[in-house]
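Reading through the structure tokens given below for one structure.
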């Protein structure tokens, strides 16, 4: 009983940290409170979505092109497998060691992380478009880029967003360790617990969890929304 | 023997009785089967036939409780199927389905031995039985360690039958078992199966939508209409000669005379006498033989009387009978062949005549399309084929 | 932890060879150093392997149990996928520290978090594998008199092996990657060598530890694939 009470009070303290400021454990500055939480959250979202944006700009066109041409299946599938095996920590560390710290560098590392699921899902999504529909399009006189634009892209949209959704969750999770590279996201609360204290650390964990879930839910909703009416099958 | 659920079936065949069987699915207005009653004597093949949706497959699957009865009962050798646990019941019943359903992850030997293994037979007995069955279904025991993916459709079909026979069940249920095979192989499989049945004499409930197959395979045929209603339950002969009503008549088809060919074998009909000559004999003998025969084309046979081919005019012009005649003897027909199949074979080979051989392969006569069409027009064939409407 | 500058790591790193000294002090990639100092990595590697294998095995057991429960109750599949999906979405790092008040620092916390992450993919693949069993094999199985349990163990599960192993492979490679973060939960592993005592600018160290993680993932993947091939001899034959 006492244990449960202890746990509950720990979480209560963490919530308190989010809403009110207090002195840092290392002394001197004020930490905690909503405005600081918002600052870190905003940084977290910025670096994440910048990375996702760039990754989409690269992966979606490439995926569409490969899928349309029917080439590069091995690449598209293997990329995801290899991407899964590379630890995010190693990726960030690698970039810091070889390129240095800073927003852009972290963002680039996250872009590399984000590309595989988007590329694979785009490729697979295009390949799964019914051949007959494409033939009909060609028969109507659509040129290749029009086939991509008007047929393959809309029909593959749900699959593409599935890939973006997976990447988004991965990127947001990995952005938690961005502070190692000088970009202060919500992960700072966790990684610099000596400054923020155990309350700050737990608060950081809660905030990151909530943020990740929110991003997942938003993208799940978008994925369902872009599903063409006739093909409703999103899980 | 422990786990041996087939103690009642040490006899080779059981009788089956459907007693006022009803099957109703929840949420549907009409029952799938309403009050079906029929009895199948032990050792006979009863074919359930009817248009799509008539409930024939449902009726079949009620017998081994793949589908549960709503009302009524089914008795096997007088014992209700409800008195045993479903899984136990099924181990005593052979079950063959259209898509065959071999287990892809088991070898042919393991597939065939599934039920014996379930019944607890020891390894040696199972192995011996598997070999026996593979020989019986003309598959050969080399196939035993292969996997289903490595076999052709026809071979897989036969493995399905072997599997069903493994534990020597007294009853077999077959649902369109030859449906997934091409027509030529289907004919062969049907013949093989009938030959098998003449040796093992099991009770078989057989479902098909093909009336010709029903007539060919069945000792008795049950024609069902929608709702599992029994329109007529009779021997194929009776079905063709006296259809019970217009529905049955329509279903059997207008060409009942032609269908009668399915009931007769080549041996039931009078064949033409063929001029037979041996290799190396002087062709004068061939000409003499023609004078005494029913047709002017000699068949060259070997020492055992087996046909090697037909002699052509060119062959006749030589001194002696050649060992390789100009025309091949095909199609070679057997005395046991069903007349309908024999006719198909002749038409398919685009010939008028075919040599008929006995069990040893020796020529006993010639069958021609002419003989068959004469028969069809004979009083004997058309007699008793009065339309149902007139008899009412 | 702010890393404003990339300080050389001479002080923290053992140098066994004079020629390596200059390589290290210039913070270049020094393969020789890796070979000489390999014993630095054996313990973290072993720990990493332990964390990965334990998590995947426990995850498999739980997911398998859930799949068996959901087999006859189709309506459960959705909620289970949803719940395990939440576990999958939560960043592992956050989970380590959410568990901290309850299970403290160490391997247990890391394993709980890593196991939770694997559940969804393994569960989905087991369910998928069972669904993909050809219907006629199931029908024939019931028809010859297999009980429901016998049908599951003798027919459905063997035929579901490829899908199940596919799920295990994905789970394993992902877990190897995530286990690098276990260092933050106080559970050791290769992540310990990546951040190399608060200094992640040590190029050689990063490449060595990161490379080992990738190799480990690859090795486990190949092993699982091998296991699958051994268990499914019927898939190796040429179709007729």
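Here the chain labels run A, B and C in written order, and each chain numbers its own residues starting at 1.
Everything below uses one rule, namely that a contact is a pair of C-beta atoms (placed from the backbone, for glycine too) under 8 Å apart; a residue touches a chain by one contact, two chains touch by 3 or more.
From a predicted model like this one, the values you see are computed outputs, not experimental measurements.
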Next on the checklist: Which label fits the chain touch graph of this model best, line, ring, star, complete or other?
Outcome noted: line
Checklist outcome for this item: With centres defined as CA means, the chain nearest the overall centre is C
Checklist entry - Where the CA atoms of chain B average out and where those of chain C average out, how many Å apart are those spots? => result 57
Checklist outcome for this item: Distance in whole angstrom between the CA centres of chain A and chain C is 20
Item to check | Distance from chain B to chain A - Cα centre to Cα centre, in angstrom | outcome: 65
Checklist outcome for this item: Note: in the complex, chain B contacts chain C through residues 5, 64, 66, 87-93, 95, 97, 99-107, 114-115, 118, 146-152, 160, 163-164
Item to check | Residue numbers on chain A that touch chain C, as the complex places them | outcome: 6-7, 10-11, 81, 84-94, 96-98, 100-101, 169, 172-174, 176-177, 179-182, 187, 190-192, 201-202, 204-206, 208-209, 212-213, 216, 235
Checklist entry - chain B touches which residues of chain C in the complex? => result 134, 136-147, 150, 155, 158-159, 232-234, 237-240
Checklist outcome for this item: chain A partner, complex, touching residues on chain C are 1-4, 6, 27, 81, 85-86, 89-98, 100-102, 170, 173-174, 176-181, 184, 190-191, 194-195, 200-203, 206-207, 209-210, 213-214, 217-218, 221
